[in-house]
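Across the two complexes that follow, subunit A remains constant while its partner is subunit B and subsequently subunit C.
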Partner chain A sequence: MPGVLTAIADPSVRAAFREWLVRIADDELVIGHRHSEWTGFGPDIESDVAMSSIAQEELGHGRAFYEQIAQDEGSDIDRLAFGRAPHEYRHAALLEQENDGWEYSIVRLVLYEAFEVARLRLVAASGQEPVAGLARILTREERYHGLFAETWLTRLAGGPPEGPGRVQAALDAAWPDALGLFEATSADDMLLRAGVLTSSPAAQREAWIDAVRPVLDRCGLALPTAAAREGGRRGEHTPAFDRLLAQMTEVWRSDPEARW
Partner chain B sequence: MTSGPLDRPDRDDARWERPLGTAPDVWAVFVQGRHRDMHVYAGDVHAPDAEMALVLAKESYTRRDPCVNLWVVRADQIHATAQTAADMFVPAIDKSYRFGGSYRQQRRVLQSSYKASYREEDQ
Partner chain C sequence: MVTIAADTLERAVWDILATVEDPELPISIVDLGLVRDVRIEDGRVSVRLVPTWIACPALGVIRRRVRDALVSLAGVRDAAVDYTYDEPWTLERVTARGRAQLASHGLSVPRCRFAEPPVCPYCGSHDVVAESLFGPTLCRATYLCRSCRNPFERFKPPAEA
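The block that comes next holds the complex of A and B.
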């Protein structure tokens, strides 16, 4: 069976779809690493376990998408995940930001999960097998991530006395980066024209706002008005990512040829 | 909650029953492995309310074994027999007539089919 990329005849569409797969995998890898930093530091043991578990699942999803590329190109999955220069990563800046308090991590999880579910649905509808099938399966796990995040958000935002203010501040801080999830590049145009994607980044963004608005409303949070902060989809990252990448790849870099 | 000696039933030999006396934020978690199985007590979680307790119980108690349904109940609603009442459960005369062999056999068959199906799911 040909891989998902080799099955695409047009080389520019193939390159654009590869870009999209890297984007998904990088988002999951980077957010998974950030979530894993809560292991041992969660607000209670149960949430610590749950957040760690979510971290493992996001890393697993990242791995699944890297595998699609690596199998197709006959390359090494660890090298793909850990062996690139910072500017070759395509995740959005939202995912690389430091965990600035539990409330920031929860707000980020709420915003990202709403995006992630919709994106997996797009991939599932792309007709590009076996990635489309993979996306359908992974959606199952995202449901719990969203549930966990929203349950926590409700409690934090309703927690007197300083809860609402701190959650609103975290939301205001995360918002521009969250809008950056929808940064459009030429890859999006190419895939739209080829009919692989059925929704433009702008349309995805509107649908995402419609999805998160009721959640934020229920928590008494105001929808921020700040503009998007972009760059991640083109490989422009913040210093937070340099630190993350150095730490995340430390073991792999000690011996890139090692088999773990 | 009442106060006084009843809160420390271990010191009160006469009392055979007591509330479990856990903190109000402790929830007992019951896991149902398969449809039609009984919910089985799996452990506790700390949570401010039932919804959060269910959310946290999912990751604490269903990561490895199969689960189709969860119950949570406030642990401070559970009443227990006192430790000192353990004698009450020990038979004093021969009660072998209670051990119907066929029941045991049935249970063994049920459990082995359960394990077999679990192995399949695990593959």
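The block that comes next holds the complex of A and C.
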């Protein structure tokens, strides 16, 4: 059965869609790894298990997207996930930043989940099966992540005086990187022209701000005004990613041919 | 090579699929509603499964178990087992027997939707509180019953669309 990429006749569109699949998979792999750093360190046992489950799910989602690429190209998904040079990863910087306190992780989760659900809906509407079907399924799974994130955000922002200030500071820190989720490359133009995507990065960004604004408003948080920090979608990453990649790939690099 | 009538082989395939258990729950994959379709052509069996949760670590184990079970059948020359994203896995796919098995395992099982009011599996009370949407496996949430004071787990499908 031909995979999703093989089915796209135009090589430029195929390359652009591959780029999108890599972005999605890389976003999920990297945030999954960051979330997993809370395992054993969450503020309470339920949140620890929840963040660990979310980590497990995001890694599994990343795997499902890598599989779509590997199936078409006859490549090994572990090599795809772990065997690339840093500049070959296409995730946004938001996902690679260190967990700078529980409030930062929760703010990042709120911002990323809103983005992710909207992106999955775009992919679901792309007509590119079986990836579109996968995206439809994942939209349902992600709902619980968003609920968990917003519940915690409300709790932190409504806490004693120290809480709101710390959450606002985390939001201010995360905001430029969050806007970087929408960084446009030629792949976006190509997919828009081909009708695979039905919304430009700029329009996606506006819709995302409309989605997160009421959530932040309800928590008494101010929408930051800082500009986007970009580069991730072109393979430019921060030193935080070098450290993450080194740790994440340590076991795989010890014997890339091993079968687990 | 044994030659077996097509309908006999198809029945044997479904019978053996019903013996394959989910590694995390005491329920067969047929009762859990994982089998989307079975195709048999000239002794080559192709089974398509619907994943419950995409990141469920049991998916690989289930796929192996299904394949091993199929190739052990007389008349099966080859077996392919794949997951399909054609349709989501929902509670409606679980059989009545499957629900009963999950319930006797101590799980609270929603009748139609996860969003419906939860019921304590021990005393039947609705006076329960959700403790966490994320339980010991991806498909379970944890609750406390305020009537009988027992903690319990509730079967959790992906959120309804």
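One rule holds in what follows: the second predicted complex is superposed on the first by the 260 of 260 C-alpha atoms of A that agree within 3 Å, B and C clash if a C-alpha of one lies under 4 Å from a C-alpha of the other, contacts with A are read in each partner's own complex, and residues count from 1 in each chain.
The working rule: contacts are C-beta pairs under 8 Å (C-beta built on N, C-alpha and C of every residue); 3 or more make two chains touch, one makes a residue touch a chain.
None of these values were measured; they are calculated from a predicted model.
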Exercise. Will subunit C clash with subunit B on subunit A after the two structures are superposed, or do they fit?
Worked result: clash
Problem set entry | Dominant toucher of subunit A (residue count), subunit B or subunit C | C
Exercise. Looking at the overlay, does A:133 come into contact with subunit B only (first), subunit C only (second), both, or neither?
Worked result: second
For this session: Report for A:155: first if it touches subunit B alone, second if subunit C alone, otherwise both or neither.
Result: first
Exercise. Should A:12 be classified as contacting the first partner (subunit B), the second (subunit C), both, or neither?
Worked result: neither
Exercise. Now for A:61: first (subunit B), second (subunit C), both, or neither, which partner does it touch?
Worked result: second
Exercise. Regarding the shared-chain residue A:75, is it in contact with subunit B (first), subunit C (second), both, or neither?
Worked result: neither
Exercise. After superposition on the shared chain, which partner residues are touched by A:49: those of subunit B (first), subunit C (second), both, or neither?
Worked result: both
Exercise. If you stack the two complexes on chain A, which partner ends up touching A:186: first (subunit B), second (subunit C), both, or neither?
Worked result: neither
Exercise. For A:147, is the partner it touches subunit B (first), subunit C (second), both, or none of the two (neither)?
Worked result: both
For this session: Return the residues of subunit A at which the contacts from subunit B and from subunit C coincide.
Result: 46-47, 49-50, 53, 144, 147-148
Exercise. Within the complex, which stretch of subunit A touches subunit B?
Worked result: 44-47, 49-50, 53, 144, 147-148, 151-152, 155
Seminar exercise, completed: Touching subunit A in the complex, subunit C uses residues 51, 53-57, 84-89, 131-136, 138, 142, 156, 158-161
Exercise. For subunit A, which residues are in contact with subunit C within the complex?
Worked result: 46-47, 49-50, 52-54, 56-61, 63-64, 129-131, 133-134, 136-141, 143-144, 147-148
Problem set entry | Complex interface listing, subunit B residues touching subunit A | 45-48, 51-52, 55-60, 63
